[in-house]
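After this come two complexes, each holding chain A, first together with chain B and then together with chain C.
Coming up: the complex of A and B.
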């Protein structure tokens, strides 16, 4: 069985436990295993943009070093974790100044130079397993279900660093849905912002933005949405009141692979 | 301590942005989902830095309205990175003041609901407080 080193992140241990648990049971069905890093720390949820923000990057660097030492790629699931991890890794590889500062902080833990390959779970399905193979392994095709993929911001931008997909015309999630046998619905707002952290203090604003996303998806015929981002899910579900349900992409994967019930036993925090 | 005249350069360094490359095409502002909530729009924010008006940048609604969606960075034809200039202004403000006029760390627990993802809490703490 292929093993990947895995960084779940805080939200996947609590509100988004399903994003994690469906991913794990699906991985096993697909022939790979996610091995969680020991004692990982929170990625910080937002990438520290200031060029003088060094300490805020250490948690990611430690996870990246653990993956390097395991000799395996580092797999993420949460869009925010993936974003921060990938960008910090890019800094460590490309930004000599930042690399020196971080390695100074790390002292005897370091040095680290960005050697780890960071992969989102969807990239594992796409690049390592292949969607054709995934399709063959589907036992419950999601036939007749009209599903929109809501990419949001974090996976796609800035594309020069994220290298996830075409930032304006992404196709990765649509191809994933196709492999699961669903009818994929492409809608214009799928790479626009849900409001992100503004929903903490200005709920009306995120509601307005998330409504734009949900309306755009519904107008194009979507009856459900998938995401990899707990904050996108929260903001859109709060707005649409369940009219257009948003679920994690791993939940649909588990359904299509016929392993959904295994998760129900294993997971569910609180 | 840096004198006030050094503030623009300090902001330039923290932002890592390239305000001098801006050709004022407005594509950043046209891409911005928060445009209407900003008193200084993304393309104007770049001009403010060129003029060195850091106080106005730090006191703008823009620093609280930016969502770090990275649309402006993605779509800027000159790789100016307007959001990083906004972020640097916000960082300079919260480093100076600790608590901000937008939200203080003490207010945050009040704003949570049972579904609030940790991701939201952590991002807000990172963005709004020191």
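Coming up: the complex of A and C.
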């Protein structure tokens, strides 16, 4: 069984436990294992992205070092964690000054120079397993379901750093849906921001942004949405009032593979 | 031993500010064979040249060193002066103490030391110089123009009017180029076809002009004054001599699904077609990939209806070889592909490029000039123009340069829409409006101020096709607000780039292209229409984005340069060419394999080796083809190849002097 070093992130232990638990059971069904890093810390959300933030990057750097020492790529699931992890890793590799400053904090554990490969769970399915193989392993194809893939902004931009997909015309999630046998619905707002954390301060503003996304998807015929981002799911669900259900892509994956979240993990989900 | 004179230039303060010129003069006098040295503020001036001439006579100088600027700048000047007083011009050497010394060093002591050193190297070299004599090469009084757009047509007419033969090679079935696709031209709004088509006819009927349409340059050999070019005339499947241009063939042709290149793919053409109604020549072409006869063997309807019997399904490509004295590149531009610009929804039928919009507004275009949405045929209530789509974009998908023509044609489009349909709401999103041409800014202001076109400074980040309308998101940078606006049609001012064929053509001509794929000029200010390769000239957008007035002006300038060349009966050749030492050459062919100009051949020569006579295969340089690059000299394993004027001994003497 192939093992990946895994960084779940805080939200996946609370609000977004389903994203995590269905990913793990699906992984097992697909023949790989996610091995959680010991004593990981919060990625720092938006703070590590500040160009003058040094200490805020440490949590990510420690996770990246743990993966390096395990000799395996680091796999993430949450769009926001993935975004922060990728960008910190990029800074450590490309920004000489930042590397030196961060390594000054890491006297006992360092140094770290951006060696780790950071992969999103979807990239593991795409690059390592292959969507063709995934299609073969589907036992309950999602035939007839009209599903839109909502990428949000964190996975795609800045595209030169994220290296995820074409930021204006992404296709990765659509190909994933195709492998699961669903009817994928391409809608123009799929790469737009849901409003993010603005929902905490200006509910109206983020509702407006999330509504645009939901309307665009519905207008193009989507009956449900998938996402990899807990915040996107929260904002769109809150706005649409459940008219257009949003679920994590791992939930659909588990359905298609015919696996259930294990009891212990299912308890979390509740 | 030679009697050498050294002349050190101040170049005003260019050299004197960083180099102690007096010190260079004094040190030079200590060099072997130097009998005279002097300084002057501007050695290239007439007084400076006279000073050299007088010294040569007075001191019987047999070698001269000028320590001044780069030889690229004034070597010709000084060598001419030497020739005037009877000294072989190749007995004069320059030491570059400006570009390679005073301009790049701040420390005067160091710079002076370096200037002394460079001067002594030149002295060491001049001792080994031998007189060289320039040869002559013929000039073929015929010019080749590659590209039949307005640039190529203009050059061809100017050169032909002066009495020289000109051939135009055009890859598409007819001449006219981009200008033929345009509806109106800025800033006067005169009809493009009305000013272009008479020129097309002039070119086609001119006694001195031969058109090769549907043809491509296959290969180029030779050099300035004496190019040999092979042109591939692609099989038209129609006999140009028999065809009367009646049009019966394309009227009847049942294969109608090929997207029309001339209409930017907005409508279809037949498999046998002329690009547009006023095409020159008015002779159709069969697109063999679309033709039913070529695909299935059945049909042949065009052949049946062609009264003069001009259809020829058996026709083959024809190769024509011709000699030319000069070549003009006028290959033009194309709009970039928008695949990477998904935020503008370029796949939407109601999002057009500006060139597509030209066709929509043209009375002969796919909508017969009706301004309608291509998705549903409705007249738009609002049109939005977006500028700088891919221009001034430093990301890998875009072009870092300004495409130059977009601000003006967008103002033109906006004004024309407002003029015809004042009820349509017209918005233009821009980064800056650049309008520095004659009457250009007035034109733009008229659009904004008199016609009520709404200019918004800001970039559009997203376009969404909602079916019956479009929605765009943008930033208004002057108002500092986000805009979400509804519109019915969007026109993208798409960046322009050189044609894909520019690169292979440039490499055939050994001419250079820049990082953006545009042809490079020999000097950005002083030689703007010449390529660095002698005998190759540039006109139009192949050299950089240009509007019509600028293209025609450049074409005229290129024509003047071509005429200057063609009016000469002979050209003086560079005597600094390769030469093989027959005593050292063993005929190994190493030099032949590296020569980029095909200038080295072999001949069997009788030799006398210590009294033993025999035949030996020896390298022989064709001095007419040799460009003096020196590749053979460094490749030759036995040291038999040398470059005259830059022999191995001369170079090593310089190195020795520098290392002293």
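As a working rule, the second predicted complex is superposed on the first by the 259 of 270 C-alpha atoms of A that agree within 3 Å, B and C clash if a C-alpha of one lies under 4 Å from a C-alpha of the other, contacts with A are read in each partner's own complex, and residues count from 1 in each chain.
We adopt the following convention: a residue touches a chain if its C-beta (ideal position, glycine included) is under 8 Å from a C-beta of that chain, and two chains touch if they have at least 3 such contacts.
Note that the coordinates shown come from a computational prediction; the quantities given were computed from them, not determined experimentally.
Student: Could you check whether chain B and chain C clash or fit when both are placed on chain A?
Tutor: After superposition on chain A, which the two structures share, chain B runs into chain C.
Student: Tell me which partner A:188 touches in the superposition: chain B (first), chain C (second), both or neither.
Tutor: Touch partner of A:188: chain C, not chain B.
Student: Regarding the shared-chain residue A:16, is it in contact with chain B (first), chain C (second), both, or neither?
Tutor: First partner only, chain B.
Student: Can you tell me whether chain B or chain C touches more residues on chain A?
Tutor: Counted on chain A, the partner with more touching residues turns out to be B.
Student: What is the contact status of A:166 with respect to chain B (first) and chain C (second): first, second, both, or neither?
Tutor: second
Student: For A:51, is the partner it touches chain B (first), chain C (second), both, or none of the two (neither)?
Tutor: The first partner, chain B, only.
Student: Just name the clashing stretch of chain C against chain B, choosing from 164-172, 416-424, 452-460 or 542-550.
Tutor: Of the stretches 164-172, 416-424, 452-460 or 542-550 of chain C, only 452-460 runs into chain B after superposition.
Student: Residue overlap on chain A between the chain B contact set and the chain C contact set?
Tutor: After superposing on chain A, chain A residues 167, 192 contact both chain B and chain C.
Student: For the complex, give me every residue of chain A touching chain B.
Tutor: Against chain B, the touching part of chain A is residues 9-11, 14-16, 42, 44-53, 56, 78, 80, 153, 156-159, 167, 192-193, 195-201, 205, 209, 229-231, 233-234, 237-238.
Student: Note which residues of chain B are touching chain A in the complex, please.
Tutor: On the chain B side, the touching residues are 13-16, 33, 37, 65, 67-71, 73-74, 83-84, 87-88, 91, 102-103, 107-108, 111, 115-124, 126-128.
Student: Considering only the defined contacts, which chain C positions touch chain A in the complex?
Tutor: Spelled out, the residues of chain C in touch with chain A are 340-343, 345, 395, 462, 464-467.
Student: Help me check something: in the complex, which residues belonging to chain A touch chain C?
Tutor: 160, 166-169, 188-189, 192, 216, 219
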